[in-house]
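Please go over the structures that come below.
After this come two complexes, each holding subunit A, first together with subunit B and then together with subunit C.
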Partner chain A sequence: MHDTIPSRSGALAVAREQGRAIVAVLPYHYPRALLRAHRCHPIEVWGPPFEPGDLGALHFQAYTCGIVVKATSFLVREGFDRVDAVLVPHGCDALQGMGSVLGDFVAPTPPVLTFYPPRRARPADRAYLVEEIRALGRRLAEVSGHTPDEADWAEALAAEEAADAALADLYHRRGRLDVDDRRFYEVVRAREYLTAEDFTALAASLPEHDGAPDADGDVGLLLSGIVAEPLDLFDRLRAMGARVVADDLATGWRRVYPPSTLADPYERLADRLLAAPPDPTLGAPLDARAGLLVERLRASGARGLLIYDVTFCEPELFAVPVLRERVTAAGFGVLHVEHELGTTLPNQTLTRIEAFVETLR
Partner chain B sequence: MNLPTTLSDLRVHGEHLLQFQVLGSTALRVQRLRNERKLGALRMGPDDVLAPPPRALARMQELMSRHYLEGRYANGVRKVAWVTSGAPWEPLEALGFFPVYPENHAALCGVRRRAEANCEEAEAHGYSRDLCSYARTDIGTVLSGETPVGRLPRPDLLVCCNNICQTVLYWYEVLAHHFDCPLVVIDTPFLYGEAQEHQVAYVRRQFDEELVPTAERVAGRTLDERELVRVMLEARDASQLWREVLDRSRHRPAPMTAFDGFLLMGPIVNLRGRRATTEFYRDLLAELDARVERGVGAVAHERYRVAWDNLPIWYRLSKLSKLLAGRGVNVVASTYTYAWGELAPLMDPTDPLGSGARVYLHPILNRSTGHKLEAMRTMVEGFSLDGVILHSDRSCKPYSLGQIDQRDQIVDTLGVPALLLEADHNDPRAWSEEQSVNRIEAFIEMLETAAS
Partner chain C sequence: MTVAALGIDAGSTTCKAVAVDADGHSVGWRLESALPRVEAQTDALLVALALELGAADGVPVVATGYGRKLVRAATRDVTEITCHARGVFADLGTGGTLVDIGGQDAKVIRIDERGRPVDFAMNDKCAAGTGRFLEYTADRLHVPLDDLGPRSLAAPRAEHISSTCTVFAESEIVSLIAQGADVDEILLGLHRSLVSRIVAMVRGVGLTPPLLLSGGVARNDAIRELLGRETGQPVRLPSAPQLMGAYGAALLALELTR
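Up next is the complex of A and B:
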């Protein structure tokens, strides 16, 4: 097992050495293999939590999602100088505002690219998405100066799909892995910035238990939300006698894209994005999502659903009452807490989670 | 209209006929005539800061009251569609649907001071206070049944078009869960720049493959192309007239205020595609022309002319209007009211669905922050503005994000004062009277300084 997971800076250096243009990518659905085929490398920006929001607050009101405010701060402070382009996928009104403000007013030297995934998965959505991916490809070609040929596509699809398969395999092997939740999510989230090969190797290196896992007394939780920050959350859950047995996180299971058998690379990328697990930012019908969460609670052995939302996150907040209704009716506990994206966990939040875990024993 | 086949149907149709078509409509007509006489007789007194509202306001009240009255008796008589304010309404009008615009209903609750209670109802059911207050007002109404219009009809169909925000996607999912009826989503990619052909084709294809077939199935009839053309023609004419109405405020003094506009926009939002709506705006335009000719201004002593950006603050419309007018400030233009007029040139009645795809991609809320700044720049020049008030609306993030830079650009490049006013369009708990009035007073002082 890798003792130390390479940092974002380390991954950036590796990609530069490989001659790839660096693209800072905001959350969170985008066709990663498209970037690779165009000799670009994505480094995702999820805040970061430790970034002060001061420079972002020069552009966005106090009621704006912390990811957008901190990411803007980070890019203005140092990020723009380190990348060749910024990609803002349209996932919500806050990211829409960010993409627009960066392009129209901040106007940094690296170009700001945007990408709008459809909010349904109908034939019209599929046809549109294929063209939207082509349009993004044209912009990426301008950034890297490279237009992919057949060999580029084959190489990019093979590498990125292997990494996606490795991510899916992590979830598949989850119960057998001999790592704690914090380590598991550190590895899962390394997909946000490592090259496909490095991530695949990292994921494969996680050890499995020799015998049966020793977690009988723990309370299993299904963790839902955008991002589980700070990672201390997992340490605190362990101290409470709880563990995360499944998730519905944007930084986790929501990006376990199923494979596709389509031959055309653009159609293949669209096919995989449209088959993503139910996600409010992709317009997943609420009832279908709630039903699947109940199924996953049952299958994972979780006793409750912990909805852990970043403040001001409308896509997540709207769903809470219906999820609560459906999950409670199925006999599971539900707790919803909101958190400011940052490096510390308020004691009040921890107390609520601890009380929730106690009720599930 | 659904034909009655059972005794129960007959009773429902009978109620619709008696309560709405005969008694209610007659009473509202009489009320309108009285109101018109009253408004016509009003004269501005020496202490009045505002001229009497346009006489057409009485007609608008009749149209909207009649609409909500029919809503009480619509179920079982007409198919009901709940739609977002930017939804492609014309095919549904041509299919005979009765429209409910939850956003308009929520605004009505705001004006009548009923929004807070409905928001609290939604919050009691777990909906966060950080969610849009229109959505909370609407969901609260659905959960409690409390509404100032008596009763809202249950939807047979939900149509959600995200050309105004992504919020409506999640909001309408909640409605679909509650009402267990078909939901049509028209997804309109946000335009960071000019619309691309694949985006237009995408919207058109959703009309053809999703909206029309689902609406036909629910309506139980086929869309009549000639009827659709007729509806589109009415919609275009009314939108064009609405735009001309708003443009009349380029005159100095302006014959109406944006606050009048916030109320007078009801029919173009709710009743687009009907002859009565087109006639209403034609009459309103004639009345404003007469005011312009006589030199009648909406504000007694119009000294400063400003624009309003974003949604109104529904629960403070009257107070704000009087506060500003009392200091000689006329809010003569608004980016919000123009949203239902500026797309008229894109509407082509000979190609309703094809041109509709472009129309419904281009509302100001589906366009970039830079485009909105350009719209305000055009207003500053076209309306000879002295300043801009940007309502920083915590309930409407797509409208509000970008305003900090827009304000800075207005001040720096256009050289006019701009105020960022923190509030919420429908939740009065987000309004701080003292702080807001102080900020408005300071803004007026800046206008005075700039003028001197």
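Up next is the complex of A and C:
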């Protein structure tokens, strides 16, 4: 097993050595193989959590989520100097606002690209998405100076789909893995910035238990939300006698895209994005999402759903009342907590979570 | 009288310890204002109570409250949600919906027929809806804490305080004073404001009767009266509302011996 996981800066240096253009990508659905085929490498920007929000706060209302505010601060302070382009998928209104602010007002040297995934999966949405991916490809070709040929596409699709399969396999093997939750999510989140081949090797290196895993009577939780920061959360959960047995995180299971058999690369990428697990930023019906969460709670042995949201995360917060109602009706406990990105875990938040775990024993 | 277990509630405003016998009956307690050094204070409090009651060494101790992780003598620590539920259930012999208003947070806990918390809500991000809200505004109006309830209930009408935020409420108080408003009517408005916040939390969790009230603020008659009026439910208080966390902790400590 890899003892240390390369940092984002380390991954950026590796990609540069490979002659790839660096694209800073905001959360969180985008056609990754498209970037690779165009000799670009995505480094996702999820804050960073401990970045001061001062420069971003100049552009946004006080009720804008910390990911957008801090990411804007980071890009303005140093990020723009380190990348060749910025890609802002329209995951929510805050991200859409960020794309506009960066492109129209900050106007940095690296181009700001936007990407709008449709909110439904009707034939018209599919056709639109294929065109949107083609349009993004043309912009990427301008960034890297490379237009992919058939061999580029074959290589890019094979590498990225292998990495996606490795991510899916991590979830499949989860119960057998001999790593704690913190390590599991450190590896899962490395998909945000490692090259496909490095991620695939890292994921495959996680060891499995020799015998049956020892759960120690821990309370199993299904963790939902956008991003589980800080990672100390997992240490604290363990100390409370709880563990995460499944997740519905935007930085995790929501990006386990199913494979596609379509031959055309643009259609194949669109097909996979549209088949993503139910996700509020892709307009998935709440009913389908709630139903699947209940199924996954049952299948994973989780006793409760912990919804751990970044403060002011609008697409997540809209869903909470319905999820709470449906999951509670199915006999599972639900706790919703909001966390200010970039702060240490407040004692009050930990007390709520600990009390929740106690109610599930 | 033999002490079988101890519970300690290291709260944000007060520190409480309760001793129980083998039947789970309270046999002694101590309460003092919270000090910044939680470790030293809880050590001293437990020693004092044990000496007073002649408790043997090695009696199990469960700690609760915001400082629970810092209690060196604790055999185990348990959150105040579980401890309050357990304490109130044992004291009143019923589950229901418990409102606990402490110094720095307010909790609404739904307790099942076995005394277990099954759902809860906490207001812990600011002083709104907590004892601190009343303490702060009482100080601003130069009214002793113990007079808050009686004076509020004696007011013929309430001034309207729209904010549940302590800081914004103070701005409203300053404006009302400047307009010559009666202090008691301001006080009644403040109590209504706090209760409206609590009732919103009760509705969030869902009110399963009976409605129970604990925590230091339960000593305030106006809160109890207004809570009953707003919810349409009679409010029941345990015998020692401020000690329920520590009492519940002691009962959980007692379970460790079985």
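Quick notes on this structure:
Just so we're on the same page, the second predicted complex is superposed on the first by the 359 of 361 C-alpha atoms of A that agree within 3 Å, B and C clash if a C-alpha of one lies under 4 Å from a C-alpha of the other, contacts with A are read in each partner's own complex, and residues count from 1 in each chain.
Keep this in mind: a residue touches a chain if its C-beta (ideal position, glycine included) is under 8 Å from a C-beta of that chain, and two chains touch if they have at least 3 such contacts.
Predicted model only: the values in this text are computed from it and were never measured.
By the touch criterion defined above, A:Phe80 reaches neither subunit B nor subunit C.
Contacts of A:Thr359 after superposition on the shared chain: subunit C is touched, whereas subunit B is not. By the touch criterion defined above, A:Ala135 reaches subunit B but does not reach subunit C. When the two complexes are overlaid on their common chain A, residue A:Tyr171 makes contact with neither subunit B nor subunit C.
Contacts of A:Thr351 after superposition: subunit C is touched, whereas subunit B is not reached.
Considering their complex, residues 66, 78-82, 105, 116-120, 122, 124-125 of subunit C touch subunit A.
In the complex of the two chains, the subunit A residues touching subunit C come out as 333, 347-348, 351-352, 354-355, 358-359.
For subunit A in complex with subunit B, the residues that touch the partner chain are 58-61, 63-64, 90, 92-94, 96-101, 103-105, 114, 116, 118-120, 122-125, 127-128, 131-132, 135, 280, 283, 285-287, 311-312, 314-315, 317-322, 324, 336, 338.
Of all residues in subunit B, only 125-128, 130-132, 135, 162, 165-167, 169-171, 173-174, 176-177, 183, 185, 187, 189-190, 192, 196, 198-199, 201-202, 205-206, 209-210, 368-370, 373, 392, 394, 397-398, 400-405, 409, 422 touch subunit A in the complex they form.
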